[in-house]
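To start, the structure under review is shown below, and the notes come after it.
Chains here go by letter, A, B and C, matching the order in which they are written, and residues are numbered from 1 within each.
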Amino acid sequence: MQSMKKFAVALALCSAAAAHAADIKVGIALDISGPFAALGAEARDGFELAIEKLGGKLGGQPAEFIRTDFGGNPEQANQLVARYLQRDKIDFFTGPIGSNAALAVGPALFAAKVPYLSANPGPSAYAGEKCSPWFFAQYQNDTYDEAAGKVANEKGYRNVVLIAPNYPAGKDHLNGFKRLYKGAVKDEIYTKLGQIDYAAEIAQIRAAKPDAVFFFLPGAMGINFVKQFVGGGLKDVPLIAPGFSADEDVIQAVGEPMLGVLNTAHWTHDLQNPANAEFVSSFRKKYDGRYPSVYAAMAYDTLMAMDAAVRDAGGKVEDREAVLKALKNPSFKSLRGEFRYGANNFPVQNYYLREVGKDAEGRITNKLVGTTLEQHQDAYVGACKM
Amino acid sequence: MDAIFVFEQLLNGLGYGLMLFLIAAGLTLVFGIMDTMNLAHGSLYMAGAYVAARVHEASASFALAVAVAVAVTVAVAAVLEFLVIRRLYRRDHLVQVLATFGIILIADDAVKAIWGVAPLLASTPAALAGPVQLFEGLPYPSYRLLLIGAGLAVALGLYLLVNNTRVGMLVRAGASNRQMAEFMGVRVGAVFAFVFALGAGLAALAGALMAPISSVQIGMGEAILIPALVVIVIGGIGSVRGAFVAALLVGLVDTAGRAFLPPALRAVLPPSVAADLGPALAGIAMYVLMAAVLTLKPAGLFPARG
Amino acid sequence: MHERFPGLARRLPWLVLALLAAFPLFAPAFGLEYYVGFVRRVLIVAIAATSLNFILGYGGMAALGHAGFIGVGAYTVVALVEAGFSSAWLAWGGAAAVAGLAAAAIGAVSLRTRGVYFIMITLAFAQMLYYLAVSLRTWGGDDGYGIYTPLEMGVWLDGAHAQVFYWVVLAIAALVFALFSRVAHSRYGQALRGIRDNETRMVALGYPVYRLKLAGFVAAGAVAGLAGGLLASHNAFVSPGMMHWTQSALLLVMVMLGGLGRRWGAPLGVALWLTLEEALKMHTDYWHWPLGVLLLLVVFHAPQGVAALLERRAGKEAAR
């Protein structure tokens, strides 16, 4: 509740500043109800911290950060973006957690020449055929899985069972894993979206006797699965996941059974660089000592990228070409460390292996193990013509 | 595929079926006796899970957590009954859907305000965290055995209550012919309040027991509501026996669909077609079952009303 | 009202229509361009709601799977676009036709059941369609499908112009509304109402009850499919979320909020609900509960819906 109050105050301050006519406007579509609510709330906290740190300004200029919940529904995201574009006349857009919402709102933003800095999803369509100079990604969806595939090689796993929900994104993630993984795929299991009971799948996994299990089950599905997996006596079978199936939201909800889960991401809270150290400590101070998740970090980074771009473009956001050029050559200190954008505006960056363990205070959280992929680029960049 | 594997999957199906029965029992009771379609049953389930998760975390006693969850939820339900549900008994089903849908919207925001949107930690009681060896080559999660036991106990308890007690007699009278029961001087109001509280208690019990193996978060009630409704409709609305049989049926069909359908299709179809078709069919198995049952028996397997 | 202004009740629909038609012309002057799109969405949803109000309000068929037909319509447009067709009229016509066929198949099975069983079996079919769409890879599955080039409406109706599309939607909505209003008071409509009130009697009177209900169900399904096709054009995007059961429930809620079986019920309910949702979301993150409270208020204080409330008020004023 305390954070809600602070949020309200921040909001009031923003709207007070909004009286200024030439404010820079940032449209933020929030996911704080609906299927991605937990991740959306993390992103909101990251945005909020960044706005505080920037003093409500971008590049030293007064800015308005319009935040609206769209309930994780792509159709509503579409509607919201129409409002941001036509009514609020935004200069930047960011926010949605789901790939489906990102794909739904993209065309309208690109047509209106409004830069869309993704705070999470990097759908393959935008990395390849449907790439756009107006879209900037934090990572490509499959790159986490590619890193996980390499981890499986390094750990010497020869037989792996893969499990994901039965929708195209689930298949994309499993294909991403297989891209770098060299061993055998013992079984590929596709489950129902929003499934609650995983007993049948767990029995199949036990019967397959794999060296490890790679799972992509976002949100509640992952929580259900890991709880039941460990309860089913498969504690000794290693679990590998892309970072979003094993981030703070899942870890804090599952607890002890998460210990030892290997996962990959382009950022971790114990990554050593000054910007990150400052971010993590101010985040923990503001939010009762809890660790930020990758969603909070990306949200924070997104606003920092906007800040730098506005400054580098000389404060003239109307000059969209100058803003694009500045965005493309980021001058801010990213929480993830060094990175650069590829031809498709998707980053070329490091991917790290994390393992769920305990920190000095006994709190269960992700710990950095090492770098898995160095300055890695996504597999779709070749299909992008722009 | 060996015999143990098939047996294990059958057991999984029964386990899932009994979980569904835990949730469906309260729903069918309220629906059958009070003729009230209570979509907010899922919200009561969520309340049970949240309270149990918090109390378990704070007190480290799972039994206490379940007890407190049931007590708190029944208290909330009593208030709800007094304020809203009581005035819905004689209304149309659609009006009940409208009102209880409204309650879902309010409940979700209330939970968000109290506990936030992040899913809560709900751990398995330490004694039941691991598997037990049922026999050679078949470890089975001990917590699931507890769920199976709870499901059977609830089924037995309801059977005895409905068939062997005075309340049960009133309940049966109300379910089969409400007007007649009222003519005979049954204090329907009191019976209904009791039944609603009982239904809420069962929802909370289900929520508290499901919390350690599922995600405790906003929307969990709506996610379980649909399978629960499918169960009571297949069983015949208002029939506890029907709900029991239907829950086991749905559990078995759903589990079998997931466990055996994809490999079976792979054996007869080209791999790419099978890979697309298998999980898709498994996902809708429950709905196909319901449509098939209702096509043959338009009032469910065990119609309670004449 | 009827007595004091005898012509108003008759003229009101035309007045509303004229105002709606003029809206895109004066909207830019007041900086309301965005609301042209918003009203267009309200109109499209109102088309679907009107069809639901017809079978539910007049026919007593409580379908909880109506969003399924909207989805079938939308995915028909996707299929036609994917196959290389670009005519809007073909796409929307196809959407209505395919959804009508789906409604015929689903209705043929579902209409054998009654009451809550009917509610649930329509829900089951819609859920099957939902899961089918989620797993269909060619049309984007759960990620949805973007329609990148707008459909063409013909030589003199440029599809790229938002305003033209608005007027097309308005014309279709007006037609659908007029059609259903007329049918509701035709002999067929009266037969439907007779079935709603007492099905046994209608059977006894020799009416082909099942066939009459099925006809209504198919018509409503086709119109919902048309709304789905329009929605696909409106959003330039289609996703399985359109046919999730909560969307069906919302449609039902909007119709009941407006007034079941009331002529103005569906459009009023849709306009009220969507406007409130839009306004609440702009001001608070907790935008669900006020809507919940509204539903309870309607249930207890305006059980016949907002339309009936307005009619009653108008009646009272006339009596004064």
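Brief remarks follow.
Keep this in mind: a contact is a pair of C-beta atoms (placed from the backbone, for glycine too) under 8 Å apart; a residue touches a chain by one contact, two chains touch by 3 or more.
Fair warning: this is a prediction, and the values are worked out from it, not measured in the lab.
Counting steps between touching chains, the shortest path from subunit B to subunit C takes 1.
Placing every chain at the mean of its C-alpha atoms, the farthest one from subunit C is found to be A.
Two chain pairs are in question, A-B and A-C; the one with more C-beta pairs in contact is A-B. Between subunit B and subunit C, the centres computed from C-alpha atoms are 32 Å apart. Separating the centre of subunit A from that of subunit C, both taken as means of CA atoms, is a distance of 36 Å. The set of subunit A residues that touch two or more partner chains comprises 32-33, 166, 192-193. In subunit C, the residues that touch at least two other chains are 131, 134-135, 137, 288.
Residues of subunit B in contact with two or more other chains: 108, 112-113, 279-280, 283. Against subunit B, the residues of subunit C that register as touching in their complex are 56, 62, 109, 112-117, 119-121, 123-125, 127-128, 131-132, 134-135, 137, 245-246, 249, 252-253, 256-257, 260, 286, 288-289, 291-296, 298-300, 303. Subunit A contributes residues 1, 32-35, 37-38, 40-42, 166, 188-194, 196-197, 199-201, 203-204, 206-207, 219-221, 223-224, 227-228, 230-233, 235, 249-250, 252-256 to its touches with subunit B in the complex. Of all residues in subunit A, those touching subunit C in their complex are 4, 30, 32-33, 68-70, 73-75, 78-79, 82-83, 85-87, 99-100, 103-104, 106-108, 123, 130, 165-169, 171, 192-193. Residue ranges on subunit B touching subunit C, taken from their complex, read 31, 37, 84, 87-88, 91, 93-95, 97-99, 101-106, 108-110, 112-113, 222, 226, 229-230, 233, 237, 276, 279-280, 283-284, 287-288, 290-291, 294-295, 298-300. The touching residues of subunit C, when paired with subunit A in their complex, are 31, 33-35, 37-38, 41, 131, 134-135, 137, 140-144, 146, 148, 231, 235-237, 239, 241-242, 278, 281-282, 285, 287-288.
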